[in-house]
Amino acid sequence: MHTGEKRHEEVKLSVINYDEVNFQEKTINSIEEVFSFRREPSITWLNVDGVHQPEIIEQVGKSFGLHPLVAEDIASTGQRPKMEDFDDYIFVVLRMLMFDEKENETKTEQVSILFGRDFVVSFQERADGDVFDPIRERLRSNKGKIRKMGADYLAYSLIDAIVDNYFVILEKLGETIEDVEDKLVTNPTSETLHKIHDLKREMIFLRKSVWPLREVINKLGRSESELINASTCVYMRDVYDHTIQVMDSVETFRDMLSGMLDIYLSSLSNRMNEVMKVLTVISTIFIPLTFVVGLYGMNFRHMPELEQTWGYPAILILMFAVALLMVVFFRRRKWM
Amino acid sequence: MHTGEKRHEEVKLSVINYDEVNFQEKTINSIEEVFSFRREPSITWLNVDGVHQPEIIEQVGKSFGLHPLVAEDIASTGQRPKMEDFDDYIFVVLRMLMFDEKENETKTEQVSILFGRDFVVSFQERADGDVFDPIRERLRSNKGKIRKMGADYLAYSLIDAIVDNYFVILEKLGETIEDVEDKLVTNPTSETLHKIHDLKREMIFLRKSVWPLREVINKLGRSESELINASTCVYMRDVYDHTIQVMDSVETFRDMLSGMLDIYLSSLSNRMNEVMKVLTVISTIFIPLTFVVGLYGMNFRHMPELEQTWGYPAILILMFAVALLMVVFFRRRKWM
Amino acid sequence: MHTGEKRHEEVKLSVINYDEVNFQEKTINSIEEVFSFRREPSITWLNVDGVHQPEIIEQVGKSFGLHPLVAEDIASTGQRPKMEDFDDYIFVVLRMLMFDEKENETKTEQVSILFGRDFVVSFQERADGDVFDPIRERLRSNKGKIRKMGADYLAYSLIDAIVDNYFVILEKLGETIEDVEDKLVTNPTSETLHKIHDLKREMIFLRKSVWPLREVINKLGRSESELINASTCVYMRDVYDHTIQVMDSVETFRDMLSGMLDIYLSSLSNRMNEVMKVLTVISTIFIPLTFVVGLYGMNFRHMPELEQTWGYPAILILMFAVALLMVVFFRRRKWM
Amino acid sequence: MHTGEKRHEEVKLSVINYDEVNFQEKTINSIEEVFSFRREPSITWLNVDGVHQPEIIEQVGKSFGLHPLVAEDIASTGQRPKMEDFDDYIFVVLRMLMFDEKENETKTEQVSILFGRDFVVSFQERADGDVFDPIRERLRSNKGKIRKMGADYLAYSLIDAIVDNYFVILEKLGETIEDVEDKLVTNPTSETLHKIHDLKREMIFLRKSVWPLREVINKLGRSESELINASTCVYMRDVYDHTIQVMDSVETFRDMLSGMLDIYLSSLSNRMNEVMKVLTVISTIFIPLTFVVGLYGMNFRHMPELEQTWGYPAILILMFAVALLMVVFFRRRKWM
Amino acid sequence: MHTGEKRHEEVKLSVINYDEVNFQEKTINSIEEVFSFRREPSITWLNVDGVHQPEIIEQVGKSFGLHPLVAEDIASTGQRPKMEDFDDYIFVVLRMLMFDEKENETKTEQVSILFGRDFVVSFQERADGDVFDPIRERLRSNKGKIRKMGADYLAYSLIDAIVDNYFVILEKLGETIEDVEDKLVTNPTSETLHKIHDLKREMIFLRKSVWPLREVINKLGRSESELINASTCVYMRDVYDHTIQVMDSVETFRDMLSGMLDIYLSSLSNRMNEVMKVLTVISTIFIPLTFVVGLYGMNFRHMPELEQTWGYPAILILMFAVALLMVVFFRRRKWM
């Protein structure tokens, strides 16, 4: 059922339980602990790092009364971003972007967020995603109004953290694009072409993650579910604006990359043409001259010019004149 | 009336009759047997393998009280996926994808599904489509909740099986695309071009099958027909999400193939340019030298250089120097 | 007022009058005869072959109480397909496709259909359009349910005949495209290019006829006019499905032709490159050799090699070795 | 405030006052005369030729009680076609096309039409627009039903005249396109390219005028204003159909021009390739032969062939054979 | 929180307080002064030049009771144009275009406008934006009806000033495009290509600013907020028309630039082809001639022609004839 890469680490479960006054944080080993730990009317956030153990997802499903399809969607990690309202809880699938320094590539990871009246459950593929750390910090330190608001606000904060992370990736891509553009002007190589191609490809994948995201967040912002407060809706619409901005940037990058490909191809052909032109000019000057020297290399008995003392210098001067004339002609036509 | 390829095998009719408790499976010879066999209030699934015998489709039509156009649509196998609600039954036309190992090509086959309150009739073009076998198995072994649900759930299961099969085909195509992309980098030949072209063409056909599918399944998911249970609707929307994912992949593949065509063409031209450049450089070095040797091949009586003992070695050194200078010049301009 | 090609033949008027029991068919000379001939409550179908005599269209207009703009639209034959509901009658303009064998080209002709409660009037530009003959035959022989249904069903049958004829044309075009594609692989000539261009152009025109058709037939299928029976609506939606299929095919053909153009251009350039490569290789091998023979053609007095008996064979062997080395080098780099 | 080209002629004001029985036509000097002249319940049509005198537009604005923005829109001649309903009057801005014979270019001019219950005011940029003359003639001669209908019908007639004029321009452009296409086949020059480019550019501008027009006329046809009679709406929808037809033609022309550009480029490259091929073939045949003659031009003392009587004819025959073989080889490979 | 470029100047606060009778203008140092200064029922316009001091924006936020997200949006200057209705006030983000003479580039700046029943607050990134000066002047001199209308009309005036400024930028770009187009015909260089590329890029950014603007102003024009008067709505729709016009121009420029790129590439290739053609023709003429002179440079003992007195002149005439024939042949085929 799990469709992503096989992984062997332990699935990490961590719970945060908070209300305006209290705050508890704990790493647990089995799902049952969540409920022993939970205390009404506080809000519980269960974060699951790793979706490669279906039995854990199943347990979560049973504990929170989830639809069997939800568990399936959490486990199969190639999901398209989507939002589904199951009355008692809202299920959101998003894609988180990460820049893999080793392979110099942008990677995506599926993040599933479930939230009801007093709980939020989040699933990440890997444990190393630290985009949620600032939120944990805000919860711990009771900064801002996050502990005064409901589960919907926590869900919003998680989504906002993911979307804000997109800007980091986009900035990195923007810098790479500018680097490549600089190289395009100074020294275009076939490597530049492959770099443009790779960036175009990354844009295709980015777009695939971002387009449905827009729809998902729009749905959340305009939702009529009782689980989302009117005051949170304003925040959701703000995330929506950010998503549109991300999309705009992706489209702009795509347009820029297309333009760069055109520039690359035409500057390549420009350079080749220049090479060919100079070389051909050289050949063309020497071909008639070679004919002339061949002419006086003929062995006819009666070639009066050959007998004259002035013959050799005359022919040298003639050839020099011809070469000069051709150079002048090429210069005029701007072929040299 | 039948518009597909002419075929001569027998049309195979198989019936499954089930409810939560009972299960019967039988291969029958004529449509009448279905009804003798059927037992209220169980659900009957009639599967017809082969649509090349119009009289059988007509009999099914009469037995289940179908509109004449439905029979026509089942028989003409070039139909576009569609869904029509006839109040008493819902008629769905889909396209199943199969990978033909012999011709190394993706083929499509029309599958028509009819379902009412307590029956499902499915028509396949060929008998070798085994995508429904897992469903038969689940019915036999009473695994999952399939035997507890109605005819609409069975119809959903059939549609889900078809759509899930799309992912298999897409994965195969994705692998082929990656193979071709590797070849593109290491050794692009005109065969690579034809492969890209063939893949692009397959994408055109895939797209033609998938785009209308989306609409069909959306309609099913949002249908207000009494034949589809609210609980089944959730499942239908899940299939819908899968369809969108299939479409996304097809579009991504199309974009990737377009990019690959660009890369192919520019790497081809790159390689050609390189060949031309090296060859032209060689010619250009030797052309002036050939002029020089021609010069001293002239038969003028008075050519003082020719008489000198140092003439020959001097001219050899001169030519070597000229060649060297040209090589240095070409190197500097990065033409070599 | 008539905007098509000028024509001189007589306009042909033919009337069919039928109900479930009776059937009469007659060629008439003036419009008045229609009404003497008509018998309540039967349905009258007046077919007019030729729209180049405005007075006849005007007479029809007066007799059936048509809006002056309708008569204008019938006569000006460059109309875009459209459907207009005038309460008492519905006015439909379609384009019929014909393959002109002489000019090897697809041509279009305007067909206008008017239908009310008990009459259908159809206008064709030319008399040679026999797509309506099967309908006449069905009326004569009382096959199917056409004589049991109303004027709307007759109108549907006419429209269906026109749309079905599109498939015939599309099949012909599909075959031509496959022929051209075969030639593309075996022997691409500039004629192939012109053929692709012509096909692309035909697609532009086909598209122009088919796109609005879709809208027209959709409107008919979803019409709330009292003139169209609910039972006929199902048939209209069936024609609608066919129209979508036609559009799909046109779009697929367009995509295929674009791909073929790319293939043509790149295979052309591929072939040219191959020619250039082989020829340049030959030149490049002989240019250094020509330099060598020129070298020993020089007339310096002191060229010790020339005096040796082994000079000539040695130089021959040397040149052979150089040529061989170059061939090996070119082979390695895959330039030969 | 006036944004068009500066002009110095007098603004020409002409009024037509009509009802079913009466008809008066007059050229006036100041706006006040309109009202002295106007007679209830007849319809008044004020036509203003020239919008470069803001004071006149202001006077019209005051006399007819117009919104200040309307006067502004009339004076600034770069307006996009639009329609605005101000309850008491409807304001329509259109673009009229004219073919400028001198500059061989299509030009556009802004026409503003205002109409209320019993008046129509039209503004043209230049006095030479005679597209309204046929309407004046119909009013004078009381032909058709124009004098029996209201101000909305007159407004419709003006709009219809403008849209019908588009077809004239399109026909001219269509002829030019066909001319260029013929030249493309027989003798493509760089002038042909510039012609295609110019036509493409004209299409861009045409499109800019026509696209918003569609929306404007659709709005008029579906308007719920009391100023537009139900019977006039039918006519408006007819103009709408014409607009769509114009748009279709513009799009078709665009597609055709794109195809022509492709054909131009590939036929150019085809021709160049042919030149290069023949020339290269010639060079390639002579290069080995030149090597051979160079070989026997060497001055080695011991070259046995040179001493033989048969040497010269033998080498001639050999060279002829080599040349022949190469020609045969090139012919086979279809390079010649 | 502030995301734009770091800046160190002081933030400039200026307040204008006006009603039909009174007018006061003042530069203030802290937000509190606004309220001491404000006098009911007049309208207050607070203009803030500089958004790099978050504490000032925060103070404004508190003073006018703004949502925390609004303050955030004002400070982060990469916002997409948007409009949000917060019941008590409307928040609009726009982008102002400026032409940077130094860098010869179009730049954008974020302008945020807030307006309620009796106040308008505008934020600019830089103090040098003088597009609002004419509005200040109109307020001071009580020209037009601006002092008779509400805060919504002032907001409209600010937006209108920004949009009108777009036309100035577009005109500048249009002139640059025409300059480049002229150069394209007379002397296309690689600099022309880079200019086209830069213009295309500017269009991408312009488009990004203008597209969302359209939506924003449409929303304002159709808003049902009580803060916007019905009479102001007409003006808003007028700005909307201008925005559409701006968008049309941007799209037209994009289309023109694409066409120019095509022209550039094909004229470049045209020119290169011409060079290659002439040069190749020259080579091709001399290659056979060089063969001939080589032929008579051979050292065979028995070459009868060499002995004849007429040999040399005969061969000269022959070569001249061959050259002439080739020139004629090339001329006929139009290769020269």
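Order of writing sets the labels: A, B, C, D and E. Residues in every chain begin at 1.
Following the convention adopted for this analysis, contacts are C-beta pairs under 8 Å (C-beta built on N, C-alpha and C of every residue); 3 or more make two chains touch, one makes a residue touch a chain.
Please read these numbers as outputs of a predicted model, since none were measured by experiment.
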item: Set of chains whose contacts include both chain D and chain A; value: E
item: Intercentroid distance (Cα basis), chain C paired with chain B, Å; value: 26
item: Approximate Å spacing (C-alpha centroids) for the pair chain B, chain D; value: 42
item: Numbers and ranges of chain C residues touching at least 2 other chains; value: 269, 276, 280, 283, 287, 290, 294, 297-299, 303
item: Chain contact graph, described as a line, ring, star, complete graph or other shape; value: ring
item: Parts of chain D lying in touch with chain C, wherever the complex brings them together; value: 185, 234-235, 237-238, 241, 244-245, 248, 252, 255-256, 259, 262-263, 266-267, 269-270, 273, 276-277, 280-281, 283-284, 287-288, 290-291, 294-295, 297-303, 333, 335
item: Chain D to chain E touching residues, read off their complex; value: 67, 69, 73, 78-80, 82, 84, 190, 193-194, 197, 200-201, 204-205, 208, 212, 261, 264-265, 268-269, 272, 275-276, 279-280, 282-283, 286-287, 289-290, 293-294, 296-299, 303, 305-309, 311-312, 315
